[in-house]
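Pasting the structures in now, so scroll down.
After this come two complexes, each holding chain A, first together with chain B and then together with chain C.
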Partner chain A sequence: MNLSVKINEDSNLKVLEVSGEIDAYTAPELKESLMPLIKEGGNQVEVDLEDVQYMDSTGLGVFVSALKASKESGSHFTLRNVQGRVYRIFEITGLSEIIDIKAAIRGGNE
Partner chain B sequence: MKETIEKNTIKYQELLRKYINTQDEKALYDLELISKAFIKKNILPEELINLHIQAMENIYPQLMNEYKISMEFLLEATVFYGLALQEVDYLRQEKNVLTAEISVAANMQKTLLGTQKPERNGVDIGVISVPAHQMNGDYHHFTVGSNGTIGIAIADVIGKGIPAALCMSMIKYAIDSYPEATMSPNKVLENLNRVVERNIDSSMFITMCYAHYLPKESKLKLSSAGHEPGYIYRAETGEFEEISTKGIVLGVMPDAEYREYELDIDKDDLIIFLTDGVSECRDGDRFIETEELLEVIRKYIDLPAQELVDNVYQYFEKLQDFQLRDDFTLIVLRKEV
Partner chain C sequence: MEAFDYIEMKVPAKAEYIGVMRLTLSGIANRMSFSYDAIEDLKVAISEAVTNAVEHAYGENESGEITVGFGLYEDRIEIMVADRGGSFNLGEVKSETGPYRSDEPVEKIREGGFGLFLIEALMDEVKINNKYGVMVIMTKYNREEEVDMDDDQISTIQ
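On to the complex of A and B.
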């Protein structure tokens, strides 16, 4: 299964639309798109995970890196439309407490 | 090699003649045997073309000159395929060397991270840990304190394979340096978190559950660092109870604090710990849900602990499109008295 990442840039709000599965094989691609935006500093980055039904811990690793980098660069990033199964692993790992996450609306695309 | 070519020169010519005259499929079958013999001896494709050129010249001595030149042209084109094939062969050898090295490392890991399942009266413990690849990124460890307290650590490093395995050695040696029996589970995790946070790459982290089973008090004390929740099977009601815990994974927040949970354990209750390899198993495109896992455990609930975990794994392994995407570890502990 592949992953596609589309970047919509609108002044300092950058939206990454991710679709596919995030695992050990596809996570590097996500990382490559996400990290430069975070490191640039002063950016608002939103990652839209509406079309991601599967993510493993390697995917979490990308967001943990992003979180650490954002603290250094002063960027801010948000995850939105996080689907049930994916949201669950943010919850279990306690990362939902420290990453700005908006779950998908219940009964929506779950 | 030369022998194989010579042996097949006449044969090839005869097959070709036969096929040109009759288009009999039997000739194609025999041709396949020649190809296979060539491949087996690592004979390059241009040798086969050469054979073809010779055969054609013998069968049709009056061949058009243009045809002959065209065959030389083709021969040149195949040379590069030959080179590529040689490279494949080289890569195959190199892969064998690497596989052998990894298997040495995997064995070493087994020795380094080895742990003995405690055999104590009154508790029955079962454990199974299966790596998705050669090296295991899951880790579990048992200790027995002087007061009879059984310490259970179960952990999962993000990712799998060699980096995960290396990281686990660090955890193991950090834990070994603690006076474990006296150190409460939350303090163990808080200490480990500092070690991990300082020593691993920013994209890595570890989930871990650390528990003490106190046989005299019939209590389970535990803390969790973002680990997959465990369960308790309550013998009295026949229900599974999720052990809901909170706590951030190790290696992300330098000053993380962990809460300690305490649970009462009754006779015949079964404590279940697992890693997300268990809950992320797939059967084809379908995920195996935790509910299904618990039902499978229920199916074998009357078996001794080790047989129980072995049977659970075998159950999933037998599913038709089962694939182990991640390392799989399942630990159960039953209070017998």
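On to the complex of A and C.
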């Protein structure tokens, strides 16, 4: 039930590999890793959710904050490899329309 | 009266127990033969309800408990999440809930407020009572059983 966040940086491309479950307990850790990269400005920030099988509204909150901050700082923010169940949460809440999401190839857009 | 099994747990109102409740419910729903997708819906719904209680029911320096009850019926599960805190303004929380509408500018999107909306989207029935603290009672039917019953009927006709 824990979360781990690994950051790979290649000049202004920052990839966050997240694995585990995102809920109210683990979301603060994700937010702490993600927000500074977004706020830096001019970054291409990609959050890889391939190993995230569970996420609830607290995760949505983090990504909404990130989206807002990216508009202000001029960073670009993308989610990739979003798994079917997690993608569904974005879809139900309508956020899949506004956040740049690349779903996982298998069953992501069911 | 309809027979059912009842399980009740009390956990401290702390975020680290949200995952524990999720795993507990997953075990119970699995025992009841809910489908994989239904179990995933239930996990999100209980996490949202427990998260609301953790975040709104008690003050920062206040410690409290959350009571979670599971009613296991033949065709459905009923989940109750209750706190005894007083500071949870339900009207306010409810008015801030709902999906994102595409005419909203990005700056105006709420960061919270998707929790109750998700519970309502993922469960079949949701009742909220806020007389003494807040109590969320939510029900999900076991659709797989319904499908099985229909299958049986079809096979009898044949």
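In the analysis below, the second predicted complex is superposed on the first by the 106 of 110 C-alpha atoms of A that agree within 3 Å, B and C clash if a C-alpha of one lies under 4 Å from a C-alpha of the other, contacts with A are read in each partner's own complex, and residues count from 1 in each chain.
Please note the rule applied: contacts are C-beta pairs under 8 Å (C-beta built on N, C-alpha and C of every residue); 3 or more make two chains touch, one makes a residue touch a chain.
These numbers come from a predicted model, not from an experiment.
A.B. asks: After aligning the two structures on chain A, examine chain B and chain C and state clash or fit.
C.D. replies: Here the two partners, once superposed via chain A, clash with each other.
A.B. asks: Looking at A:E21, would you say it contacts chain B, chain C, both, or neither? Reply first, second, both or neither.
C.D. replies: In the superposition, A:E21 contacts chain C only.
A.B. asks: Quick check for you: in the superposed arrangement, does A:A69 touch first (chain B), second (chain C), both or neither?
C.D. replies: first
A.B. asks: For A:T78 in the superposed arrangement: first (chain B), second (chain C), both or neither?
C.D. replies: A:T78: touches no partner chain.
A.B. asks: Return first, second, both or neither, reflecting whether A:Q44 touches chain B, chain C, both chains, or no partner chain.
C.D. replies: In the superposed model, A:Q44 contacts neither chain B nor chain C.
A.B. asks: Pick one for A:I98: touches chain B only (first), chain C only (second), both, or neither.
C.D. replies: Both: A:I98 reaches chain B and chain C.
A.B. asks: Should A:K31 be classified as contacting the first partner (chain B), the second (chain C), both, or neither?
C.D. replies: Only chain B is touched by A:K31; chain C is not.
A.B. asks: When the complexes are fitted on the C-alpha atoms of A, one of 98-106, 116-124 or 260-268 in chain B overlaps chain C. Which is it?
C.D. replies: Comparing the options 98-106, 116-124 or 260-268, the clashing one for chain B against chain C is 98-106.
A.B. asks: Quick check on my understanding: which residues of chain A belong to both its chain B contact set and its chain C contact set?
C.D. replies: 23-24, 56-58, 60-61, 64-65, 67-68, 85, 89, 92-95, 97-98
A.B. asks: Contact residues on chain A for chain B in the complex?
C.D. replies: 23-24, 31, 56-58, 60-62, 64-65, 67-69, 85, 89, 92-95, 97-98
A.B. asks: So in the complex, which bits of chain C are touching chain A?
C.D. replies: Those residues of chain C that touch chain A are 15-16, 18-20, 22-23, 37, 40, 43-44, 47-48, 51, 54-55, 99-102, 106-107, 109-115, 117-118, 121-122.
A.B. asks: Which of the residues in chain A come into contact with chain C in the complex?
C.D. replies: 1, 21, 23-25, 54, 56-58, 60-61, 64-65, 67-68, 71, 85, 89, 92-95, 97-98
A.B. asks: Which part of chain B faces chain A closely enough to touch in the complex?
C.D. replies: Chain B reaches chain A through residues 156, 158-160, 202-205, 207, 225-229, 246-249, 252-253, 276, 280, 287, 325-326.
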